[in-house]
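Shared between the two complexes below is chain A, which has chain B as its partner in the first and chain C in the second.
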Partner chain A sequence: MKELKIIVCAKQIPDPEAPFSAVTVDSKKKEVKVDAPEVISPYDENALEAALRIKESSKAFITVLSVGSSLSDTVLRKAIAAGADQLVMVEDDSFGRLDSYSTAYVLSKAISMLGEYDLILTGRQAGDWDWGQVGLILGEILGLPTINMAAGITVRDGHVEVSRLVPAGLELVEAKMPALVTVSNEVGELRYVSRSKILGMLKKRIPIKKVSKGDLNLEPEFLNTMELLELLPPSDMRRDCVIVEGATGKEKAERLFEIIKQIL
Partner chain B sequence: MDEILILAETKETQIEKSTHELIQAGRELKSALGGILSCLLLGEGMDGAVKDLEQYPLDRIYLLENPLLKDFSPDLWVSSLEQAVRNLKPKVFIMAHSPTGREVGPRLSARLKSTLTTDCIGLRLDPEDRRIVRVKPIYGGNAVAVLKGKGNPELITLRKNVYSPAAPEGTKTEIIKLQLALSDQVVKVKALRTIFREQVELDKAEVIISGGRGIGAKEDFQLLERLAELINQRGIKALVGCSRPVVDKGWLSSDHQVGLTGTMVAPGLYVAVGISGAIQHLVGMVRSKKIVAINTDPNCNMFKVADYGVIEDYKEILHHLISKLEGLS
Partner chain C sequence: MLPFRDTFFMIQNKWIFYLISGLVVAFVVLVFFYYVATWKKALSGKTNTNKRPNIRSLFIAIKNVFLGIRIFKDDILAGIMHFLIFWGFFALLIGTILLSIHEHIVKFLMGNIYIVFSVIMEIAGLFLISGTVIAIFRRYILKVKRLQSYTEDLLIPLFLILIVSSGFLLEALRIAQNPQRWEKWSFVGWYLKELFGPGVSEGAYPYIWWFHAILSLSFLLFIPLTKLAHTILAPTSIYLQNLPKEDGDKAQMEEEDSASEGSDKEAQLPQRPFLTLSHLIFLDACMRCGRCVEVCPSTLAGEDYAPRDFVQGLRAWVWQSFSSHGDPRLFTERSPDKMQRIWNCTTCRACLEVCPVYGPTFELVMGERTLAIEEGTSVPDLLNQTLERLYKYENPWMSSKKEKLGWIEEGSSIGFITKSFKPEFCYFVGCTTSVDPRARGIAKAFSNILRSSGLEFGIFGEKEPCCGDMAKRVGELGLFEEKKMSCSDLFQSYGVKNVVTSSPHCYFNFKNEYPQGMFNVFHYTQLIHKLIKERNLTIKKRLDFTVTYHDPCYLGRHSRIFNEPREIIRSIPGIKLIEMTHNRENSLCCGGGGGRMWQGNELNGTERMSERRAKEAKETGADVVLTACPLCLIMMEDAIKTLGYEKNLKVMDINELLKMAIDEEKR
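Presenting the complex of A and B:
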């Protein structure tokens, strides 16, 4: 059986699940600062998990592809530790604030450079800017059958079968590969990778391919940064919380019962 | 003349509330921009939907009826919308940030080489260059970006429940039937079948009892279900919601999820049980009238946005609440 080539697009971002007290908005510099470590964007981890499950039943080679301005192999190594075969990092200082089309364009150029592929997986949306569009745009640029919002993916006989989330429930769809699928959290969390395994890998040589802007023959016309006029802090969500006191759980529950009765 | 075009959406041929919100957003933009406000309606058997739309302040309704568009097929919809927009050349094209808008919007943006700003909560006109200023929450809601885009038309998806629905108004609406070359040749993804699941309509609930990872096990959601049931028995519509990890673990189906990538709700009472209060959850429920949080961690974020907080193991609290309510009936 032919080896499937799967490409997982993964973005490196500040941990989107950091508590909001760790986030500050610098309106002058138009920057969001997050006092938390960088991670692989959560839905991209789901996409990687989907790829790893395919690899369990078919012969597959998984490439994790990331575009950005200051990528860290310590963050992205986690993908290799989880079972990906190769990491491709496309890095340039000017890639920090690319708009969605331009990001998809750079990804498409990197993908073409990598050669043949069967399946491209992306997350449904990145956890920093919450655009939810790079995957779908990439599918258009490459002219691929594109399936949005996968909850489950299987591959057979050159076809990909996806159960995808739709308002009525789930829709089962099928496309001929090569195809692009965007992945939602319903496919399942990325398998557990112990920290010691990730750290242990720091000593090993792992398959990382670094690609620079110059390698990709990019046309400046398609490289645009977002036109960001302002960056503002969110409106204040805080309320004065009354803590329901009581010596025992029962007492607290009784007080809460009275409060709820009042509200209803 | 500048045209603001919105994409109507229907559910079983009934116009969605989000479409009425788009009409309101379009109307506000029109008062600054001038020109006309129009609506694009795709599908089959749309007489009822047209009647509904006619009551609203729309200058035009473009109707594209075709059996191929009866159900939502992304490839056919994208192809139709691309043709329609290329023909009509609107200045602005607004879609809802709904499953449909989220899917066709980016693909349309790629084809038309025009920037799409997704999930906007505000739109305004820059009078200087007459471009649209788009306001969009980012980082889950931890910041708000104000942006412009390039290309035509200006493409936007608008978050639901931000604009209030437009009020009906006697306007003379012209109905224009569109003729487009549609063929199922464009379909690259074949739909095999739909597995229908009953969907909870969280946005219609008056009370939501919502559970998070802290619930610990699927079976324990029975406690939340029971509480909701007892409230329902008192004639108040109560439903069970959840945070995302609950969906990830398969404890509840996705339609129960509250938040940025779930449903945005604003019930009279939201009870957050074992939910820490990550920003992506909060944006979906902070507009609730009253918020009660039950959590063992006194420092959790949920207490910062709640009206009432109970620091305790949820099981103990829910057991007592349930027996109190059972005692009432």
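Presenting the complex of A and C:
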């Protein structure tokens, strides 16, 4: 059987599941800081898991592709430790705030550079901005059949079969490969990647390919950065719960009344 | 005439007897070699068992073999049964060997020695028969619940009864033919002889003799083929399990080295790199007695896990994977399926506490977890997320490092350890105590107590890493090593010499899983106990409560700290301490250990472990159930609320109670 070539697009972002108190919003620099290592966007991890499951049943070569600025191989190495075969990092300082179209454009150029492929998987949306556009635009640029919101993916005889989330439930769609699928969390969480596996990567030579902006022949008119007008922290949503105690109902009511009076 | 007996009375061709005996012994030895060969293969060349001889563990083995201490524990009838069978069988075996020595080497069974010998043999026979009768009675009439019955469980006692009765019959026939005066000391045979006339016995004797002899020898054949293998393997297991553990650090490294090697040649043999020789012997020594099932908090709560089944599953796996000619046991569990259930165990150590062969089942479960973690796909989602959080935020909860300071009350002056402030004691607050709203009470109270004692202490605050206990218990050894490094480095760079912990889990981890001698570690109960004894703490108030104390697993069973907490409680005037049914080493786990705190409800059975414990606490009629562990505190608090007991029963940490007693101001 022919080896399937799967490309998983993965974005590196601040941990969207960080505890509230670890997050600081810097309105001046218009940046969100999380006091922890960055992560692979969770939906992209779902996409990687989908790829790994395909690899379990048929021969496949998985390339993880990431575009961004200040990418960290300590973060992205997790993908290799989980079972991907190659990591391609397209990095440039100007890629930090590309808009969705530009990101998809850079990805498409990088994918063309990588050569043949059968299946491209992306997360349904990124865990930081949650726009959900890049995957679909990428499919458009590459002229691929594109299916979004996948809850399950199987590959057979040159076709990809996707059970797709719709409001009423699931619908089953099929497309001829090469195709692009954007993956939702229903596919399943990325398998656990142990620290010793990730650290083991430090000892071994990991297949990382670094690509710079110059290698891709990008046309500057398609590279637009988004401009943030304002970035504000959410308003303080903390809630407190007080249980009003008292021996009788009357006593409790009186105390409650006092508390309400204080607040008003 | 001197009392004696003719060993081969009326028997010809006694060489046949010796030939058969020789063959039987050779077979038994051969099969045990087969066991050893299989174990060796399962270890694939590793020699990770301590080999230095050790008097203490030899003593424990001897004590257990000859007195059957663990078998008497909580089940006197079982103890009596085993005692009778053991001593009966053992004495008869020795007796038979002595008879051969008497016959062929040195004649010594004569006169009074012969009489004593006869009496002992009679008693041994009676012991063996009554022991086996009790065994059958317990299993098939009393139907003791924890027993799991295979065919061998009936066959073996019947076999023994047949051997002993044919022996007595033989004796009666012999005495009937030549009733000497001294033979009345062989009292069973002496009474039975009345049944036979001399004529009958003369003809039947040789036939019955050979029947008895061949029966007895074929019984020996079954030793390595049935659960009787425990006669050899149980003492070995007890000895090996009680050897002092190798330096945790060294063993760990070896384990990891072999693990990484294993991954390169994965294709060859399935690997269980955590298995040691002592583990393998334990698996084969297990008699399926089910004492572990009886005490396992998970089994008790109706969950789909039982230590015995896990052990039998793992044993089946070993024989399936490594034996060249299959499993030598005739009646046993053949399917390794049951070893799949690896996330239920709270590692509470209750199974080891009662196991007659000292089997550390929870350790094997932890070993299986390391494989599941490395493999990755079978790790439950919630655990997956928890471990990620532990790596990123230094705690398994949904909290940031910043929140670790949340327990510090406004206006209280707690010193932070810095390069210039190096107090005598580092108070290692621990993740759960730092961030959980209920457990924070421990830190609040303990820091107050330390202040009133005048002891100099400080904390690391936001800098405090996780000790790694949770990672270790769920089998994430790489993450544990990282946490161990960050803790050790932190302690070293600030010259920390004494560490006191809130949690028994941190305490146990520092004490047993970290390099020895780097720093002293205390659980807070030890430190407070010392402070009270040295009169650095004055208890000012009388508290008229009735309390009961729940022993946390990692403080009690794992660290053997039973008395200090109780003495602290008793030092408060007015307090009346009553014990629950399960106390000290028999304490029942609250269900929070071994990573269970961060597991989903899908593992739950018919009842929660913590609720079981809370019900027991309520039965004592106490006003307060005390504990000394943040996880126990949270679990018990929850259980008492869900059961609706909170009006009558409060959960408190020992610190919280003690603080009430030493506070001057009114509460």
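The working rule: the second predicted complex is superposed on the first by the 242 of 264 C-alpha atoms of A that agree within 3 Å, B and C clash if a C-alpha of one lies under 4 Å from a C-alpha of the other, contacts with A are read in each partner's own complex, and residues count from 1 in each chain.
The definition used in the following text is that a residue touches a chain if its C-beta (ideal position, glycine included) is under 8 Å from a C-beta of that chain, and two chains touch if they have at least 3 such contacts.
Note that the structure is a prediction, hence the values are computed from the model and not measured.
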Touch test for A:Gly249: chain B only (first), chain C only (second), both, or neither? first
Once the structures are superposed on A, label A:Glu91 by its partner contacts, choosing first (chain B), second (chain C), both or neither. neither
Go through the superposed model and pick first if A:Gly169 touches only chain B, second if only chain C, both, or neither. first
Chain A residues in contact: does chain B have more, or chain C? B
Contacts for A:Pro19 in the overlay, against chain B (first) and chain C (second): which applies, first, second, both or neither? both
Output check: A:Asp73 vs chain B and chain C. Expected answer is one of first, second, both, neither. What do you get? neither
Partner chain in contact with A:Pro37 - chain B first, chain C second, else both or neither: second
Is A:Ser196 touching the first partner chain B, the second partner chain C, both, or neither of them? second
Looking at A:Thr146, would you say it contacts chain B, chain C, both, or neither? Reply first, second, both or neither. first
Can you list the residues of chain A that touch chain B in one structure and chain C in the other? 17, 19-21, 189
Would you mind writing out the residues of chain C in touch with chain A in their complex? 256, 259-260, 373-374, 376-377, 379, 381, 383-385, 387, 391-393, 398-403, 476-479, 481-482
Counting only contacts in the complex, chain A reaches chain B at residues 16-17, 19-21, 23, 25, 32, 34, 99-101, 104, 124-125, 127-137, 139-141, 144-149, 151, 161, 163, 165-176, 179, 184-186, 188-189, 224, 226-234, 237-244, 249-250, 252-254, 256-257, 259-260, 263-264
For the complex, which residues does chain A have touching chain C? 15, 17-22, 35-37, 39, 82, 189, 191-200
Sites on chain B touched by chain A in the complex: 11, 72, 74, 99, 102-103, 105-107, 109-111, 113, 115-116, 118-119, 133, 137-150, 188-197, 199, 207, 231, 234, 236, 244, 247-248, 254, 260-261, 268-269, 271, 278-280, 282, 286, 289-293, 298, 301, 303-313, 316-317, 319-321, 324-325
